[in-house]
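Order as written gives the chain letters A, B, C and D; numbering starts at 1 within each chain.
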Amino acid sequence: MSDAVVVKERRPESKDTVTLTFDWDVHVAPGQFLMVWIPGLDEIPMSVSSVGPEKSVTVRKAGEASSALQDLQPGDRFAVRGPYGNGYNLNGLKTLVVGGGVGMAPLMPVLRTIYADLVIGARSSDEILFEEEASRYCNVIRISTDDGSQGFHGNAVQLAESLMDEGGYEQVIACGPEIMLYYLFQACERRGIPCQLSLERYMKCAVGICGSCMLGKERVCVDGPVFDSGRLRMLPEFGRSKRDPAGRLIRI
Amino acid sequence: MSDAVVVKERRPESKDTVTLTFDWDVHVAPGQFLMVWIPGLDEIPMSVSSVGPEKSVTVRKAGEASSALQDLQPGDRFAVRGPYGNGYNLNGLKTLVVGGGVGMAPLMPVLRTIYADLVIGARSSDEILFEEEASRYCNVIRISTDDGSQGFHGNAVQLAESLMDEGGYEQVIACGPEIMLYYLFQACERRGIPCQLSLERYMKCAVGICGSCMLGKERVCVDGPVFDSGRLRMLPEFGRSKRDPAGRLIRI
Amino acid sequence: MTDLTVRIASIEMANPSMLASGILDETGESLLRMMTAGAGAVVTKSIGLAAHDGHRNPCIVEIPTGYVNAMGLPNPGMEEFAEELSSIMPSPAPVVASIYAASAEDFALIAARMENAGAAGIELNLSCPHASGYGMEVGIDPASVSRIVSAVKDAVKVPVMAKLTPNTADIVSIGKAVQDAGGDAVVAINTLKAMVISPEFARPVLSNRYGGLSGPAIKPVGVRAVYDLYKSLDIPIVGVGGIENWRDAAEYIMAGATCFQVGSAVGRVGPEVFKDITAGLELFMDSYGYPDVESMRGVAHE
Amino acid sequence: MTDLTVRIASIEMANPSMLASGILDETGESLLRMMTAGAGAVVTKSIGLAAHDGHRNPCIVEIPTGYVNAMGLPNPGMEEFAEELSSIMPSPAPVVASIYAASAEDFALIAARMENAGAAGIELNLSCPHASGYGMEVGIDPASVSRIVSAVKDAVKVPVMAKLTPNTADIVSIGKAVQDAGGDAVVAINTLKAMVISPEFARPVLSNRYGGLSGPAIKPVGVRAVYDLYKSLDIPIVGVGGIENWRDAAEYIMAGATCFQVGSAVGRVGPEVFKDITAGLELFMDSYGYPDVESMRGVAHE
């Protein structure tokens, strides 16, 4: 059953994204996620953006539940269960981290743990997440915006490719929209660089029984959400199709 | 649920008593007991007479279930659950151990653990239990038989009293028929010597919920079976009355 | 100050926890001990006309999720138990006498004897699923239930509550039968029909083969039963099944229970479970702004 | 050599473990994965006429004794699922299609489509306790059950099994209705009616409020149901409810099950549970002298 937690701090991160912090005394590994219950409304998956004794989720307004979650104020209660999923495998390899949009959320605990260079991708300068905090951990931070309002004018994959071609990276760790991750994966494959990508699918149970989150033969909730290159190669659905809540196949 | 165990060795101890050994990898403290299931027949409480990795029960023929248990041969199976109860509190006090009949069973693990002098009571010489093994642990062993066929002619309490008057004992640890324990308790009280006595009541659940084993306000299965002088003083039923399986009061 | 007192019909309790029937309640002294342990009221073992040994051992199986038992209604019989009861009167907390019988007349007879011996209420065990000829057969038939409740109501002045079995497709219609026959409260739930088999011995473990499941396993079933009953009944509901801590108790109260009973947890946790639950509830009510138990009752329906 | 193969009606299984309906069985690839994990057969998610999202989240609650779920029968609908099924035919292990519908005619229609897509058998979900208008209401009424079984038997050649709800006072009479209507097997049990309430939020956790209890909590209830059915039926029984290890499976087989299904344990233990159970059973059968599963079936009745 979910644990009730209390919003400690509500921190707007960008025009559509808010971080909520709360005390919750459960061990969480970087890359794991929670099921967040907004009573009366919905229960939705959210990555953990701080994994210390004080936890946080960083929520982008996507629809009804994420908006309601964003609107919670300090002192308000919501409920969480988990943590779920495998998380990133953090090792000593020279790493490039690539975060697209709110995909930065599960990457923050990674950046706080290992040394890495970072690409942050956003649509526009007012949607760039965590640049300031990340600058405390990373020597190299590069920004890309689709509209060119800040940093590299283009997408995060193009920027990451140019870094990869210079940097001698031994792995890429990333999270973001699936289409970005798909091209990033192709870019890594071409260069023979292994990657770990955190994916999303529609989640109901999060404990690996309902089958809602299937990606090929993998359960994103338990076998993922992080997949490495070896497993991604076996997943022809990746970047191509997903399932709706009824289990119908839809093109991405 | 009970664990199935296999009889390793079947050792007759006296004309009506048999020890069965079996491997069972569960920690048992001296004085604790098991519920022993003889499938198709009954489930009865039995003290553990060896508490090492190899366990044993020492069974006196009392009726149908104990007879059937005695008749098991090496390789036969029965089942046990537990251990239950509190066991003896083993400390550094100078101790006199008093065992009446099959009451010797829970005392053997005590004698293997602490230094103590010992009184073994039996009706007749052919019912004396564990004399040989005990002689390996105890400097002083005295025997009483009701019929005088061996050792002191009289009961164990009389013999224990004479030892207490010589020996400077700081505590008495005992198990045996309730009537013996009752008089032993009186003898200890007169001399101001604390005692720990293991009692019996009709047991059904052994987990402290059914109320079958009540002795005053105490559950013999969980709060006992070992009671010290302080608690015995609060139990006017001790030595006087017990309950039948229907919960009716019967005089002892 | 949080007020933990509750009233179920005319029975006043210092706190909403009750000892469930069949648990350490066959002797006067064990009932007193449960009051000292913190039970706001106690229910006796189910008492019949005559003494009864119950089923042979094994009559209980411990499993990770609770117990499966087939005690078989052991009891010393109405007369001997009435003496036991009188001996502790006046008692520090109310005693509800649980009774069982094979006919409405016998139910009435035993109830009257228990009232006379000091019982503050009567609980009808209509639901024991493992005593053949008694219990289940009666407890799933609204007409029989109605007959028994009426007969007992005519025989005693103290409140009469009927304990319901969950082993039915429609517990609400049984609850309604109790209410329509003048019953003062319903108690839900008794144990679920169950069995444990030993693979090694290729047989059911209980001597009676069949048993009843209790403990944490059945809590979500009990909560739902109380929720359903609360939607349809006007008489109070006593919640029981798998309660081990204050959260479990709060679930039952929010589902609609006026008070609750604790059975298996007396073994699994210990008699201190009564004080633990009450203390936890008080803290919770304090910080979530429930001044009394009543204000928490049924709130999950809103 | 211990022989683990079993036959349920005409369905041949390499071992007696089956994936239960609703568990990782909505897509072809997940069904294949469960076969690779060691399931002797798999049952699909319950499929209806049209696509259905199911209930909103939360639709599952994890509790220490199992799960309480109200998925609400999500499924991509008969046509889309039939394609999914065809895409894995011929499959390395038999696929039984679970279906639900609001009328006997629709049951027959969906069954025929599933047979056509390659299903080796049909499982009728008569028992889902939390989809209003479907399930429970039908599954506790012998006449409706009989009508549905007959209609589906007329529509397909593959074996038809009916999955029974435990939320009834008399599961045996439903089992008999299935048998008398020509059903090839019964499957017992589906989940128990349940509810979980959050004290902090003073409301049921599931968006649907009501849910069904599965996992270890219900094992003793399932074993007893199978034991009772075995006493009265001649058709085979598939046991399901709380099976997590070989001992649990052995209990069901000794109670009378021909084979068994595993649901919640796929989450609580992992997909490797199929191989673990089968390996454990084989060891046990070896040392206790059961040459095949058949020789172990129903032995707890002797």
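The working rule: contacts are C-beta pairs under 8 Å (C-beta built on N, C-alpha and C of every residue); 3 or more make two chains touch, one makes a residue touch a chain.
Computed from a predicted model, the values in this text were never measured in an experiment.
Colleague: Just curious, how far off is subunit C from subunit A if you go by their C-alpha centres, in Å?
Modeller: Each chain reduced to its C-alpha mean, subunit A and subunit C end up 51 Å apart.
Colleague: Between subunit A and subunit B, what is the separation of their C-alpha centroids in Å?
Modeller: The mean C-alpha positions of subunit A and subunit B differ by 64 Å.
Colleague: Taking the mean of the CA coordinates per chain, how far is subunit A from subunit D in Å?
Modeller: 36
Colleague: Pull out every residue in subunit C that's touching 2 or more other chains.
Modeller: In subunit C, residues 63, 196, 200, 203 touch at least two other chains, as defined above.
Colleague: Can you list every residue of subunit A that touches 2 or more other chains, as numbers and ranges?
Modeller: Answer for subunit A, listing residues that touch two or more other chains: there are none.
Colleague: Have a look at which chains touch which and call the overall pattern line, ring, star, complete or other.
Modeller: line
Colleague: If two chains touch, include that pair; go through all of them.
Modeller: Taking the chains two at a time, the touching pairs are A-D, B-C, C-D.
Colleague: Could you list, by residue number, the parts of subunit D that touch subunit A in their complex?
Modeller: Subunit D residues touching subunit A: 22-27, 29-30, 32-33, 45, 51-54, 56-63, 67, 69, 71, 74-77, 80-81, 196, 198, 200-201, 203, 205, 207, 263-264, 266-268, 270.
Colleague: What part of subunit B is in contact with subunit C in the complex they form?
Modeller: It comes out as residues 1-2, 4, 35, 37, 39-40, 42-44, 77, 79, 81, 203-212, 214, 216-217, 219, 222, 243-249.
Colleague: Which of the residues in subunit C end up touching subunit D in this complex?
Modeller: Touch list, subunit C to subunit D: 63-65, 68, 136, 140, 167-169, 192-197, 199-200, 202-204, 209-211, 213, 216-221, 223-225, 227, 246-247, 250-251, 254-255, 284, 288, 296, 299-300, 302.
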